[in-house]
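The following pair of complexes shares a single chain, chain A, combined with chain B in the former and chain C in the latter.
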Partner chain A sequence: MRKLNSKNRGDRIYSFCLLIPAFLLALFFILIPIVDSVIKSFQDFKVKNIISGKPGVWNNFANYIKLFASNALGNAVVNTFVFVVFVIVFQFVLGMALALVLNSNIKGARFFRSIMMTPWVVPTVISALIWMWLFQPQYGLVKYLVSLVTFGKVTEFAMLNQPDSALTGVGIAALWKQIPLMTLLLLAGLQNVPDDIQEAAMIDGASKTRRFFSITMPYMASVIKIAVSMSIIENFKQFPLFWTMTGGGPDGATTNLAILSYREAFVSMNLGSGAAVTTIWMLLMIITVGIYNKCFRTYDMT
Partner chain B sequence: MKGRTLSKVLCYIILAVILLFLLFPIYWMLATSFKTNMEAYMYPPTFFPNETTVDAYISLFTVNNQFFVYYINNFIVSGITAIICTLFAVFTGYALARFHFKWTVIMSGILLSTQMFPIVSRMISLYSLMSKVHLINTMPGLILAISAAQLPFCAMLMSSFFASVPKELEEAAYVDGAGRGTILFKIITPLVKPGMLAVGIYAFLMTWDDYLHAATLIQTDGLRTLSIGIALRYLGELS
Partner chain C sequence: MKKILVLLLSLLTAMSLFAGGSAEKAESEQVTIKVANYAVLEQGYIPFWEGVKEGFEAKYPNYKIEWVTAPYGEIVNQVINMAGGGDRVDVIFSESSWVPGFEDAGLAAPVDEVLSADFIKDIYPSVLADFEINGKAYGVPLYVTPFVLYYNKDLFAQAGLDPNTPPTTYDEMLKYAEKLSQLKDKNGNKVYAFGQTTASVAISGTALTAMVFNFGGEVLDANGNLSCDNEGFRQAFETLALLDEMGYNPQNAKLKDLRNLFALGQLAMYYDQSWGFNGVSSINPDAKNFTASAAPLKGGNGSGESLMSAHCFVLVDNGEAHNKAVDAFVQYVISADTLSDYLANVTPAYPATYSMEGMEGVANNPILKGAANSVANVKHQVTVPALNDLNLELTTLAQAVTVSNKSVDQAIAEFKKAAALKLQ
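Moving on, here comes the complex of A and B:
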């Protein structure tokens, strides 16, 4: 008995020590900065404060008042949500279609599965450059294809330079980069669907669509939940694609919350105002993920 | 029978369309890299290079060789981050999978919640906090900041690998008189090698892809990583 007790105490100390390095790293580089940025959002804090070493001064919510008075924030919130919904819907539908095709025993499935992963390992900045090259307004391939398809009626097509199509352009690049991982995760989920139940349903005369929605989808619920929530978080935070492809333009059409906060903080050099944007952004993200988890729980199979 | 052939054809059409979308841009990148400068800027564009040249590659090695500095920096940053993340993920993942005390629950809560914090928000305050302790514009500062960002996911992934190792193995070793360090490093860790490899590759790829950390924390050209270097040098040509 004595030995067991001492083992338990040893376990406590040991597990505590094992967690220390990760905890310190998270404390100094994530938790403290987050709290600090929320505090800064209530202060008048600019780059000159860093250079002179002066602390920020409380400024009666001026950062927030300024944000809500201009329509930049509303615009950025709308853009962020439109982008997230657009990318997730198409990513899920296309990823699911590809996963189903690759899972049905067609020839060369293994080969296709490995080559379709290539976009995933292309760095984000490179994929932005590839798509900018394709969308290029003077000699881009997409412009040429559009003029071919419309029989020369549309000869000037600049995806990223028109306010109404720029967000779609960035969305296509995001889809290109993210469909492979989504497909891979869904494929892993599809392999968990038991064959015997599928067969039993087939013998009972269930149609293909019926089997998909009543057997495949419920069995994949947990995989879908994780894959989609990872994708929501990633696209909610999407910065490099926007920054390299459009920089938030034209005319604010692709300014999402990440671009807005970065502009405020590091281009206008007003860190306090940027921190106000990120604080609102953080709240929106927590609310969105919370709602998503709540909605999905009722749909869970178990 | 007719329905089956039809659905099979449909399958192949879906596969072809999606694969075309995923792979054509890669082909286009490669094809363009072998075109002459004149042909690359030609309209209408050509699908196959009329005359293939490797001039672009030669000039990469001779004229624009500052890219190698970016490549090397990126390798150093990604490599060290991958090592730090794997090592710490082993500690944390093992503690989270094996022990269930108050702090292990709190720790996994912290790790999960960090996924939701925007990077820009951290950057705003790290920019001023790190300049106070003179870590800004240095490689160790960049590596620590990125490691902290990658570690939560790595630790959770690692803990799922540790959870699949049977506990009896450890108890047997304990009865035989093995110390805690021996149990973790000599007995359990060798069993999760594939997991460590997966975590290491994940951390490396994510760091290789990083843009925001390097964009805000590094100002000297000699310390820049590849993403920033490429964005700075080539962006002007395309917009």
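Moving on, here comes the complex of A and C:
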């Protein structure tokens, strides 16, 4: 018995030692920078402080007061949430549809699966440039197709130039890029749904729809939860697509929290103000993911 | 034993992430100056800058140039990030509107602390004044330009307009635009009559400031305070709204988009810095056959004044040895020998020094000829650290009265609120 306890203690110490590198990495590369950023958000801290090595000075919440006094923060929060909801809803629906098609043993499914992954491996900035050219208002392919489909009635179609449609334009580029990964994850989930349960339900006379909602979806719940969580985080912090395609315009229609943070920190060269946006952004993300996790608690079906 | 090995390996892997190298400093008489330059990555400018490096290093064997490169939109951050890490470049090839930011960051040195007095005396005082902050100049101009009006002579002729009589006022331009906008290019595409950049980039804000000056207005007063309650400011944005309503101006376009359309014969007139022609001719080498320039238009009670822009060098004080090398480099580049061919054939622009006055390639440049007098009709704008922010807010205002269809009153009210916060 004593021998067993001593072995357990040794294992525990060994496990703890193995955790030390991960803990150090998390401490130095995640926790300390986050704390440092939160501290700087309360300071007058500009680029000159970095270059001269002078520390920032406490500025009585001036960064936050200025942000809340401008319309920019509210606009960026709304744009961020609208974008996240738009992309996730369409990504999930289209991703699930594709996963179901690929899971149905259709001819050429393996080939299609390989081709489908192409957008995912294209770097985000390249994707942005591709879509920018497709949406180009004078000679873009989308403009040409719209003109063709409407029999020449719509000759001016500039998705990224109109405040009403610019966010959708960036959203379409995000969907093109992200649907493959969502499909792949959902496909992996689909392949783990036990066939015997499906067959039993079929014998009992359950319709396809009933089987999908009562068997497939519950069995996939944990995969769906992880895939959607990843997507929320990815789109909450989306920067390269916005910066490359619209730079936050027109008229602030695509300024999300990432763009606002970048503009405050690196265009205004006010790192304190940029850190204030980042802090608000981080809190909103934590709250959103927290609410999501609470709403979509999953249960082990196996 | 196996466990200890695994443990050591994981620790080593973690520690390797913290490891850094230190470069060995070679002590020698050779001085290498780091020049941050986005143009080295741009096709139309590569031969010139390669020639500069080659020529300078041949003339001064003890000095070497090391380019620090990044695309145009990223070069400022590149320089600042390097400085934050203790690696300061010596010279930055910069837009004039970036200078206040570099000064505010504590990176730019007053030019009289690095360059010889005789060389500084050679620069036109009115041009050098545009780089002054609290009485000290923080940039050295290579060449200058107002925003000039480029127009397509062939399209003018096709529209039944005299190609040698460009418009001189906004009212005239609108009459010309009515005819020009009826044209189609050879592929049946629409021809835009007039281009003014309004995209969400700082340089578009500079172009919009120049347009306000055309109307006799101002954006900042002499003390750097926001000053947009003036008729010229309002008229400039009313004109933009009208141009948009008539479909004359490509919406939300960057300067590079306008250059592209102009090069392809889909834009009849547009405002650009004189060196923008390099972008046009890179796309269509035949553009020189149909391009002409004219002075900025007069609007309202304005006299068509414009804003002077410059490509300039920002200097960083990295000690005496580097400063001497920088002095030699700047004087080498800003000289008739180095710039005459460049200004004549690559980047049409106007010289900034007395010694280059009347330079053959500039005086007889067919592209610049029409706008030659506009260099004398510019208005000085005071420099403030938040100039880039202000420029971006101006683009938002322009987008508000065009693509957002907001009333000019509402858009100006929103602009005043946002700009005032930025200028605080």
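Rule of thumb we're sticking to: the second predicted complex is superposed on the first by the 272 of 302 C-alpha atoms of A that agree within 3 Å, B and C clash if a C-alpha of one lies under 4 Å from a C-alpha of the other, contacts with A are read in each partner's own complex, and residues count from 1 in each chain.
Just so we're on the same page, a contact is a pair of C-beta atoms (placed from the backbone, for glycine too) under 8 Å apart; a residue touches a chain by one contact, two chains touch by 3 or more.
These figures come from a predicted structure and were not determined experimentally.
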Which superposed partner A:Gly248 touches (first chain B, second chain C, both, neither): second
Contacts of A:Ser222 with chain B and chain C, given as first, second, both or neither: neither
Of chain B and chain C, the chain that contacts the larger number of chain A residues: B
First, second, both or neither for A:Asn103, with chain B first and chain C second: neither
Which of chain B and chain C A:Gln198 touches, first, second, both or neither: neither
First, second, both or neither for A:Pro21, with chain B first and chain C second: both
Touching partner for A:Asn59 - first (chain B), second (chain C), both, neither: neither
Chain B versus chain C as contact partner of A:Asn71, first or second or both or neither: second
First, second, both or neither for A:Asp36, with chain B first and chain C second: first
First (chain B), second (chain C), both or neither touched by A:Lys237: first
Residues of chain A contacting chain B in one complex and chain C in the other: 14, 18, 21-22, 25, 28-29, 50, 138-139, 160, 247, 266
Touch list for chain B against partner chain A, complex: 7-8, 11-12, 14-15, 18-19, 21-23, 25-26, 28-29, 32, 41-45, 88-89, 91-92, 94-95, 98-99, 101, 103-104, 107, 110-111, 114-129, 131-132, 144-145, 147-149, 151-152, 155, 174, 180, 205, 208-209, 211-212, 216, 226-227, 230-231, 234-235, 238-239
Complex contacts: residues of chain A adjacent to chain C: 14, 17-18, 20-22, 24-25, 28-29, 46-48, 50-52, 66, 69-72, 137-139, 155-156, 158, 160-163, 246-252, 263, 266-269
Contact set on chain A toward chain B in their complex: 7, 10-12, 14-16, 18-19, 21-23, 25-26, 28-34, 36-37, 40, 45, 49-50, 53, 94, 97-98, 101-102, 104, 106, 112, 115-116, 118-119, 121-127, 129-134, 136, 138-141, 143-144, 160, 176, 179-180, 208, 233, 237, 239-240, 243-244, 247, 257-258, 261-262, 265-266, 271, 274-275, 278-279, 281-282, 285-286, 289
List of chain C residues in touch with chain A within their complex: 3, 6-7, 10-11, 13-14, 17-18, 76-77, 80, 83-84, 88, 101, 104-107, 189-190, 199-202, 247, 250-252, 261, 266, 385-386, 388-389, 392, 395-396, 399-400, 403-404, 406, 414, 417-418, 421-422, 424
